[in-house]
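Next come two complexes, and both contain subunit A; in the first it sits with subunit B, in the second with subunit C.
Now for the complex of A and B:
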């Protein structure tokens, strides 16, 4: 293609993009104007305040208007659907990675691309999907669960949302290949063979994500503690509200070290003094990173525990087996999980005492997780009747997968296993059992539950939803089990190629991964199909509380 | 004490006891295998009967220097029944040497040399690999341990 053709193409694409941007601007601006006119007629000077009061606490069907309103429900929908969008982007990256490992040598996807996919898959799944969906469900469910007195932080929530989305988009554009650990000196190598030429952009993007998430966390905590209705004491809050409280306190108390660390890392691009100088060691950054990096994996679990409690109580019509021990163990999980981060660095030469303390602490953190699971099983045990709807099946599968993932986690906490399995696919299997089974599963369960509300009374196809469940559960089990076995034999993770002796484990994991991908396509088809049909049901949402009698089921004993 | 509280007590105690047993086994293991755990390089803590091998990781290969001055790349030679202490460092970024069949794992950190001791018991060929992502050809940073 000659330069002139390229220029013509660029100008055509540029003009089309400009027209599109102008159209979006025109639509939002005219919408904002008509909204402010309506508000003025009602005697309000601040149109957003008027609309928040009008929309406050009502179920919000999904439409483009969620981007112009900033009441809590609209913000929640923005977060949930952005998280699902990033789930599909990062999931597609994951399936591509799987497929490229078909052969022991990288023939389908070059290593340089594979490493970019790997970095993007991990970072987007955790920061954009897991945290985004948790915040989204918080924003969407808490205002009605806690019957808020006011909803007046919409502006800031909106700003936090856009900063977070900007961070995610810039991270994709940076094409970074430094893996989500960001360890220097690799993350300082601005070459395609190192961390990617635009890795500096990835550092800025991460910082933006952190700023957005931190702002949103403070707002949600303020909503729970200050705006809660006077007749709902803390001791009667649904377990989900408690789980969000613990998650966000944990997030706020552990993300500063990495925010500071990222700033220092950025400075190191220009003047390497902090982590790669003569008097410093890159392990300092690893310590800063894991001080945040361990709590974050609980951030992808604790709010989903809360949702699981709520879904179980809905479908068994039984109160939580022990509300106190449920909340207490989530709180204990928050505290203990901040004390075990060192177990990610057991073999890095930080000393025997380090190993002794962090392996022992890692056993202690199992206690609250086990109590949570026993509590859920107890609730199911006491139930007269369990309605096996699709969300309930996802939740039961999440319990099973969490037990498998938890047991493999305890194994990793022991030093004799850790020095064999750390850095292998055994670890990948451990957290994919939990992330696919629990984080993805419970997100899907909640999405199905809320779908009639999102869609103004449309009903998804129950049969297709069941298929989605079976396919996802089977694919996840196949993929993670193959990884666990292969990893225990020494199959290293995050590699674009591998020793030929591991091909059987890799190939069965590929089948599992592709099956998970197909399952999510069934989900997309189901949603698209029912979206086009006519609404047939009441958009009432069983995770929210309509009246006092419902409230009794969730909280208290 | 009602039955609910009793059940809770029972499962809490069962979980705690199981974990306590595993934790004690783990502490016992650490106590008995001090030299086999990665730790900062220190010639005074090298076991008396073991031979020192200098290991350098770089993008993207491992090089091993033996006491007689010879060097091998991506192949490590050892004799069964002898103890070896790997003193590991890195030229560029963080690497992590893993010999899965022998349970040897040690990070190669620039400016922070580590050491780990191991003793192969059976002759044979074992794989080793880098398990800390280190750039484009991370997956090629692997090789064989030849135990004769």
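Now for the complex of A and C:
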């Protein structure tokens, strides 16, 4: 394409974008104008405060106005639906990666594209889906669970949300292929065969995501600790609120090392002194990264533990087996998460003393994890009757998958096993058991539970939802089990091809991955189809607006 | 979306954005340009160049500018580049074409008449502007392995900041001797005097230091 053609194309695209931006601005501005007029008639100077008061205590259905209102529930809806959007984008990338591996040689897509897909899949799933959905459920559920006294930092939450979305969009645009580790010197090579020509944009995008998430975390912690209703003491908060507290403290205490590390990495583009110079080592960055990188994988799990507790108590009509040990074990997970990051670097030459420390610390993580799981099983055990609705089935499947994923994780934490199994699909299997089974499953369970609220009183198709559950659970089990077996036999991960002796494991994993993808399409179809019906139920949801906390649940609604 | 279309709208938005993201990622550039091979090479050769806006100085010799460099196949060439004038410099190489006498003559004339035409976009950045810091006398090293029969031929090496003055040709010879230029600087690894010419380098650095001292005195 010649320069003139390029200029013409750029000007046409630029003009269209300008028209679109103006249209959005016009619609938003006129909406804001009419909102502030209404507020003024009611005697308010701050229109947002007026609207937050008007909206308080009411369920918030999905509508375009969630982008103009900045009450906590609108922000929550933005986070939840953006997270689901990124789940579909990153999931589609993942399915394409699977499909491309049907031949041992990379014939469908080139290895460079495979690397881009892998980087985008991992980063978007963790930063945009797992953290986004956790923050979204926090924003959406906590105001009603804790009956907030006030809701006064909406404008900052809105800014945090947009910074976070901008970061995610820029990360996709950067076409980075450096994996989510961002290790130098690969991430410093701005070529298609290195980390992608626009990898510097990916570093900026990551920094933006961090800024947005950090802002939102501070606000949610403030909501829990300061704005909580006076008659709900900390010891009576739902387990979900506790899990959000632990998650966000963990996030705020461990994301600084990587934020600083990203800044140093960006400086290295211009003057490589920090990680690739003669007196420095890339391992420095690896340490900075994993100091954050281990807590982040707990951040993607702990809020969902809280949701699981809440969902189980709802569908068994039984209080949590032991509220104290439930909260205590989540708190213990928070502390231990800061001490085990070295098990990601067991083979990098840390020295036997540190390896022993990190291996032992990783084994200790079993204690709070097992406490959590046994607590949930105990709650189920005590229940007289378990209502096997779709959300409940997702949660039971999450318990099962977490046990498998947790045990494989403990195996990997052992230095001797790690030396053999690191860099194989065994690792991939370990975290996909947890992320697909638990993070994705519990998000879907909560989404189904909140669906009547989102859709202003419509009900989802129970039959399709059951299909969604069975397909997802089976696909996840098939895919991850194939990986676990193949990986233990030495199938290397993160590569666009493989040795033909692993064909059977790859093929079954492909089938599993495609099945998961089909399952999510069923979910999307269910949402669209059920919304077309007329509202038939009360939009007040059982996860919200309850008068009792977990210990005192009597008889449901 | 109090209307009944909320779910449909959401689904359509998801499908649209997923398709856009798919198309965007799948159309990513895949390579192009010179690729640095991971195949081990038999030989290593060192080429000392001074980075001066007036032209690349072979062995830091101001009277020997923009030399034609000859190297053999299966060789990793190390470019020892020293900052001479404090201006920003970098070092690119790009493949021009296979060797023939007429092609060589054409590229030689292009060097002076139209250097842009042989400074291709399919290039490899051996050293970046930040690596050749603008500190006079700073020595840095970049390498490129010429390995595999497809790498025989004529290359251009240049600085993209001073693309008209700092540009020269590099010829990769097949070891069987089918393509070779007899004259100019032949780097076949046989002559140890060309390897890491430390004496020339230290002389040069002392010269530079004297120049800087004089400059500082003048300023004072």
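To be clear about the criterion, the second predicted complex is superposed on the first by the 531 of 557 C-alpha atoms of A that agree within 3 Å, B and C clash if a C-alpha of one lies under 4 Å from a C-alpha of the other, contacts with A are read in each partner's own complex, and residues count from 1 in each chain.
The criterion applied here is as follows: a contact is a pair of C-beta atoms (placed from the backbone, for glycine too) under 8 Å apart; a residue touches a chain by one contact, two chains touch by 3 or more.
Note that the structure is a prediction, hence the values are computed from the model and not measured.
**Q** Following the overlay on subunit A, give me a clash-or-fit verdict for subunit B and subunit C.
**A** fit
**Q** Quick check on the superposed pair: does A:61 touch subunit B, subunit C, both, or neither? Answer first, second, both or neither.
**A** Only subunit C is touched by A:61; subunit B is not.
**Q** Tell me the contact category for A:89 with respect to subunit B and subunit C: first, second, both or neither.
**A** Second partner only.
**Q** In the superposed arrangement, does subunit B or subunit C reach more residues of subunit A?
**A** Of subunit B and subunit C, the partner in contact with more residues of subunit A is B.
**Q** Please indicate which partner A:456 is in contact with in the superposed arrangement: first for subunit B, second for subunit C, both, or neither.
**A** Touch status of A:456: second partner only.
**Q** Which of the two partners, first being subunit B and second being subunit C, lies in contact with A:193: first, second, both, or neither?
**A** both
**Q** One more residue to check, A:112. First (subunit B), second (subunit C), both or neither?
**A** Both: A:112 reaches subunit B and subunit C.
**Q** Of the two partner chains, subunit B (first) and subunit C (second), which one does A:231 touch, if any: first, second, both, or neither?
**A** neither
**Q** After superposing the two complexes, find the smallest distance in angstrom between C-alpha atoms of subunit B and C-alpha atoms of subunit C.
**A** 5
**Q** Which residues would you name on subunit A as touching subunit B in one complex and subunit C in the other?
**A** Touching subunit B and subunit C on subunit A: residues 112, 192-193.
**Q** If you look only at subunit A, which of its residues touch subunit C in the complex?
**A** The touching residues are 61-64, 81, 84-85, 88-89, 92-93, 96, 109-110, 112-113, 116-117, 120, 172-173, 175, 191-193, 196-197, 269-272, 455-456, 524-525, 527-534.
**Q** If we count contacts the way the header does, which residues on subunit B are in touch with subunit A in the complex?
**A** So the residues of subunit B in touch with subunit A come to 4, 7-8, 11-12, 15-16, 19-20, 22-23, 25-27, 29-30, 33-34, 36-41, 59, 92-94, 96, 98, 100-101, 103-107, 109-112, 114-115, 127, 129-140, 142.
**Q** Can you tell me which positions in subunit A touch subunit B when the two form their complex?
**A** Answer in residue numbers: 106, 111-112, 115, 118, 177, 179, 181, 183-186, 189, 192-195, 276, 278, 280-283, 286, 321-322, 325, 345-352, 355-356, 359-360, 363-364, 366-367, 370-371, 374, 378, 410, 413-416, 418-420, 422-424, 489-490, 492-499, 501.
**Q** Would you mind writing out the residues of subunit C in touch with subunit A in their complex?
**A** The touching residues are 1-2, 4-8, 10-11, 13-15, 17-18, 21-22, 24-26, 28-33, 35-36, 125, 130-131, 133.
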